[in-house]
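Shared chain: subunit A. Partners: subunit B in the first complex, subunit C in the second.
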Partner chain A sequence: METQLEKVLSDIVTQPDTVGALLANRQGLCLGVKGDINPNVSGIGMAISDQVAGLEPRNAVAQPEARHPTICLYSGNRRCVIQRNGEITGVIYKQHTSAPTSD
Partner chain B sequence: MEYVHSVWNYIASVCSCLHCAEDVGAQNIEPNERTHLLVDPVNHSPALRRSNSDGLSNDYSHSLPKKDDQTALSRLVQNTAINMINVGAMDCHSLEHQEYTDRIKTYSQRLHELWNNVQHPNITRKGLLKDVPSHQFYITKPIYAKDTLQMKLFIEKALIGVNQIQIDHKEAVVVPFQIP
Partner chain C sequence: MSDDIKTYFNGLLEKVSGLHVIQITDRDGVPLLRVGQEKNVDFALMPSFIPTFTTACDQASKLGLGRNKTIISMYSNYQVVQMNKLPLILTFVGAENCNTGHILALEQQVDGYLEDIKQAVTESQTHA
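Up next, the complex of A and B:
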């Protein structure tokens, strides 16, 4: 049933610097969670992505990418990456161990 | 230097002329920054000579087609005359140069005092990060292409995963109630 989703979440937390991942639906309810991340974050993550998507509504017409902005929040040596794509919102927690090479 | 002096004198004379009418109506009162430059300009306007305009319209009455038009035109002339201020015809009290500079000093000093007493609400710091102690640290943080790429792939895969979710029901989805 949700094995595919579980696999995606397991894959993401094995990637470097990634400590946790979460998926939320349109209502902000948690669809799946893996790693060091509170499932209650789903609603907040969805709300943040919703608000940010409303910042540039005109751009969404010209470039559809603007409809799904990626939000990066920094807190200490951690960062939280949020993105929304239509129905679902993804939240990834990353730990800043070594400076990643920006490519 | 002489040239500068002469220019200054000219400016001072022009300015004093602008200030000329200030003291006409207020000779007994100490002039301040609120004293009008032109005292009661309506009284000095050529509107008082409206009899002239009446005579003018009478002179040319034969060329005007109707009486109504004539009165309308004369009213127009009167209104224009009322709104006119004849500065040249007014009494001119020239301001001494010394007095002029004294006033500049007094007014600027007064303005300075008021400016210091005024509460300036617009000088408060604006910005979302004003209460964050080390906001510079966070502003300089880059957004890694790695993060966005990872997120993009994660969302794409997750979307496929979510779409694959379906319920395999082993029992009957609709349960009939036992209605007697």
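Up next, the complex of A and C:
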């Protein structure tokens, strides 16, 4: 049943610099996880996505389907990317392999 | 001490959108702490509500999957997340579209704040 979901997760974690990925449903419950990432992050990732959507409330009216922006959180040598598409939220952990350029 | 705990749980209530009430009781349903102003969720304090969870939890522990930790009940207007932290029971009541995953992620965070209450309940039970 979840073969498709696992395939998507496998495709994500094979991307360069990616260490883990998970998908959450509309209730913030973890649907699937792959790699080095805590399944408990699903609810928090969705909560962050909801909070950040409130920064641009006009987007909700103009483009309801694009209400939730893609979020990138930098901490230490890791990055956390959160993206919501409809009822599904994806959280991806990436590890820096080289220092980011400052231009 | 209890003010600190109350402040902490009030903070949690604000952090999780759609969460109405957090309540800590003992396993018989005796209320120890309750935060939240929602008046329509008094069903969570009904005398039968918590003992029913305790019974369901005990039965679920017999399924061969290990000790039951959490029960999530979804209703048409509310959702109830109950956590088994014996001798305490933690009950979260939220809207039906509340972020269940966020509530579950609080489980590890609250442990430190429950230690004092756990100790008080254990002592009162041994003296009884």
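Everything that follows uses one rule, which is that the second predicted complex is superposed on the first by the 91 of 103 C-alpha atoms of A that agree within 3 Å, B and C clash if a C-alpha of one lies under 4 Å from a C-alpha of the other, contacts with A are read in each partner's own complex, and residues count from 1 in each chain.
Operating definition for what follows: a contact is a pair of C-beta atoms (placed from the backbone, for glycine too) under 8 Å apart; a residue touches a chain by one contact, two chains touch by 3 or more.
Please read these numbers as outputs of a predicted model, since none were measured by experiment.
*Asks:* Kindly say whether there is room for both subunit B and subunit C on subunit A in the superposition, answering fit or clash.
*Replies:* fit
*Asks:* A:Leu31 in the overlay: touching subunit B, subunit C, both, or neither? Say first, second, both or neither.
*Replies:* The first partner, subunit B, only.
*Asks:* If you stack the two complexes on chain A, which partner ends up touching A:Gly90: first (subunit B), second (subunit C), both, or neither?
*Replies:* After superposing on A, A:Gly90 lies in contact with subunit B but is clear of subunit C.
*Asks:* Specify the partner with more touching residues on subunit A, choosing between subunit B and subunit C.
*Replies:* On the superposition, B touches more of the residues of subunit A.
*Asks:* Mind working out whether A:Thr70 is in touch with subunit B, subunit C, both or neither, as first, second, both or neither?
*Replies:* First partner only, subunit B.
*Asks:* Based on the superposed arrangement, let me know which partner A:Glu2 touches: subunit B (first), subunit C (second), both, or neither?
*Replies:* The first partner, subunit B, only.
*Asks:* Rounded to the nearest 10 degrees, how wide is the angle at the Cα centre of subunit A between the Cα centres of subunit B and subunit C?
*Replies:* Seen from the centre of subunit A, the opening angle is 80 degrees.
*Asks:* Which partner does A:Met46 contact after superposing on A: first (subunit B), second (subunit C), both, neither?
*Replies:* Second partner only, subunit C.
*Asks:* Figure out whether A:Ile12 sits in contact with subunit B (first) or subunit C (second), or with both, or with neither.
*Replies:* first
*Asks:* Can you work out, in whole Å, how close the C-alpha atoms of subunit B and subunit C get once everything is superposed?
*Replies:* Superposed model gives a least subunit B-subunit C C-alpha distance of 17 Å.
*Asks:* Taking the stated contact definition, name every residue in subunit A that is touched by subunit B in one complex and by subunit C in the other, in rising order.
*Replies:* In subunit A, nothing is touched by subunit B and also by subunit C.
*Asks:* Per the contact definition, I'd like the list of subunit C residues that touch subunit A in the complex.
*Replies:* Touch list, subunit C to subunit A: 15-17, 97-105, 108.
*Asks:* For a test of understanding, state which residues of subunit A touch subunit B in their complex under the given definition.
*Replies:* Against subunit B, the touching part of subunit A is residues 1-2, 4-5, 7-9, 11-12, 15, 18, 21, 23, 25, 31-32, 68, 70, 72, 74, 79, 81, 83, 85-88, 90, 92, 94, 100-103.
*Asks:* Report the residues of subunit B in contact with subunit A in the complex, numbered from low to high.
*Replies:* Listed in rising order, the residues of subunit B that touch subunit A are 138, 141-148, 150-152, 154-162, 164-168.
*Asks:* Which of the residues in subunit A end up touching subunit C in this complex?
*Replies:* Residues in contact with subunit C: 24, 26-30, 40-44, 46-47, 50.
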